[in-house]
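When the chains are written out, they are named A, B and C in that same order, and each has its own residue count from 1.
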């Protein structure tokens, strides 16, 4: 499978998502080898352009690229010409003109990755744009859940928290529905987006409620969203105590979670606010599995974008399909 | 050809510059291979020491080094001992003592790269020092123009803008004159350096004027210099409107530019100030070609400094001459 | 020898330290090869997590890792979730979950590297923690002195300066005593830690005094500690003039230093305060040798932690013992 880009999970078919997750399983195996690299993207240069800080996402993409033997370059808008007023268009055109092969872009503006791709003609991976989407987060969440729960068809996943500001909820909703999961969205009344029932991905398989307690005993997976404390002063956010009381995964709610159900959180956590330490560190918590899945899923995404259809003399076939990709030591013999 | 360093274009012969540009042509071809790397500088560590921010120049050098398989380390003065008052001498001696192979240095002080070389005995590439010079910018400008105009002998290049503060004008003037081009320097009266007619590189082939309109119809290339807005408050700078009116490449002037003539700008641009969007995005604009040329020219410079005369058992001959440098995949077979 | 970590020099036997220093000798030789790399840590990812700025220590570890062909990732707490209040535990667990192989940690909190190791189960190298220790600095000091003075058994080393705040004095004292050197600690009365005579590593071979002049003619090595100017306003610090007068290595004291004795300083220096320029730049000064030793010693430490016991098919024996580690070019043939 050759992907031209990953701007959004909208439009990805169930079979495409499944292929990505299956490739990620093979990529995870690379991390357990003696030499944790494959030469699939040797000579490929990927620019991690983060117009918005996100240390963990940047590190995850960087590690994924390195495991595929790509070269990476970091672009941060701080201290750059962007800070001096250069437009996004001129910035990405300039970097593209250096002859790099593609971008991973995080930007506060919804649609910025799409525009960067239109301007440069290079493949772009969206690493989070405004409140629009965060497709690799949705894929890694699906990956981590699938590893524990099996096929997500018919599984019940609740997404709990600040649906209004979250950039992951739309991506997750689409990804989970495409994979056949039923989804319940849970939020305080003031943090439910007004037109949410008209969202194109809110169909018959999606329920919306403000009552977490009704939902907890019925789920296979509980995804707790991060509370952005800087948004709590806006007036329409509940107080911390109210939030925890109504929509936090407390110790008490943990006791009512089904035995087999798993707990997700995109991190970083506000322990004691949206999630109790007992839940975060619970055996059913997938929080560190999600981080681990992030590297494997991003390897898969970069692989399907940048390593399709190699010419035979440039890279032998067994270097360029993940299934057959050899240990680097073996590969060079 | 083995270069000991690249501190300035002064003193480079026409044949040396031509060899650098010819090597850059071969280096550009590396960027079109399946695996965009050659192993010429494997095991060589180059420190990008930027005592002054310049994201695009740093990225260009970094990419150039990586394409040659060198390792790079970034040194930024922020948060370092330099910020705590350590002298430049102790800083570069300390980094050199780690066993690195050379420096790329950008510094606000004219002559800093020369001093760093004297202190450490290591090869240094000047990536811009004060108002003194910026030799790789001059070489990449010449490269981009030569690719479009052919041999620069007898060609007419106008350099337009803030000649007083520009670090590229001296380097460009010398480089273009060495290659046989005629140069006209154009600036507002207050931004003409006082003693400019006595500069050693201002000879019979150089004209100086304050009237851009006379020059536009006669050029083969128009190099627009960047206006540094932070310098516009100094009192002797024209207002923005006056500047554009008298020395900007406006839409109107664009119509009077010869059909075959090209437009250069070192970037980042102030669109609408020194250059109109119609000019920047024109088919005759070399602005992105210059960025692209930057990587190839810097690869050539690093190659001629760091890869001369390899011993046979360390690197086979076909790895160390750019002409014969194989595809990395082939090389490892 | 396989080391599980390097949190402190306490508990390292004389034979272990000697093995590390002997390996460092071999590692130094790698830096004199045509291709200055060995493939010992290919596919190993080491995170340089610096919760406190230290450009030179970070660069030294980064270069050491790259010479061993490891991949490195930088984590800096600035702009990260740590800055937003994430706990150290969640931060290191998250990075570890990405599948990295180990950490180099610098932190203002004593014991942070130990805790990071306990939480993650990954090997950790302490790159300086609070006032607790800085084991690689102690090892590189010993290395540099041993290269000039030979076996340190019975040698007399004076450590001079701010014993109260220094993080290196404890590590150096232990390391030097373990290697059989006699140590004299010299400090202004106000900068002698109160209970210093009860420190476990202050035994019969250690003398403590406030009089530098008595000590100078008797030493084989004089280690001048750095004065942290930001601590001088605390009230109990002597004035700059008093400090230099009583505890600085002045030009005058330099004349009374034995011919064969060497001068050390961990850098960065305050020239003219704790050390006169004549001493810093003297032929007997090891200051740049220490920097150079830093890379070799850190290569040795990383090697013994991350390259023990490779399985035969993952890396041939001659890649994984430093003594036999071939030139990278030869290795790939």
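As a convention for this text, a residue touches a chain if its C-beta (ideal position, glycine included) is under 8 Å from a C-beta of that chain, and two chains touch if they have at least 3 such contacts.
Predicted model only: the values in this text are computed from it and were never measured.
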Worksheet item: Do chain A and chain C face each other with the same patch, meaning over half of the contact numbers show up on both, or with different patches?
Response: different
Worksheet entry | Angle of rotation relating chain B to chain C [CA atoms, steps of 5 degrees] | 120
Discussion item. Taking the mean of the C-alpha atoms as each chain's centre, how many Å separate chain A from chain C?
Written reply: 40
Worksheet item: Among the residues of chain A, which ones contact at least 2 other chains?
Response: 332
Practice prompt. Please give the residue numbers of chain B that touch chain A in the complex, ascending.
Written response: 31, 33-37, 53, 55-56, 59-60, 62-63, 66, 229, 267-271, 288-289, 291-292, 294-295, 327-330, 332
Worksheet item: What does chain A use to touch chain B in their complex?
Response: 42-45, 71, 73, 75, 79-81, 84-87, 90, 93-95, 97-101, 310-311, 313-315, 332
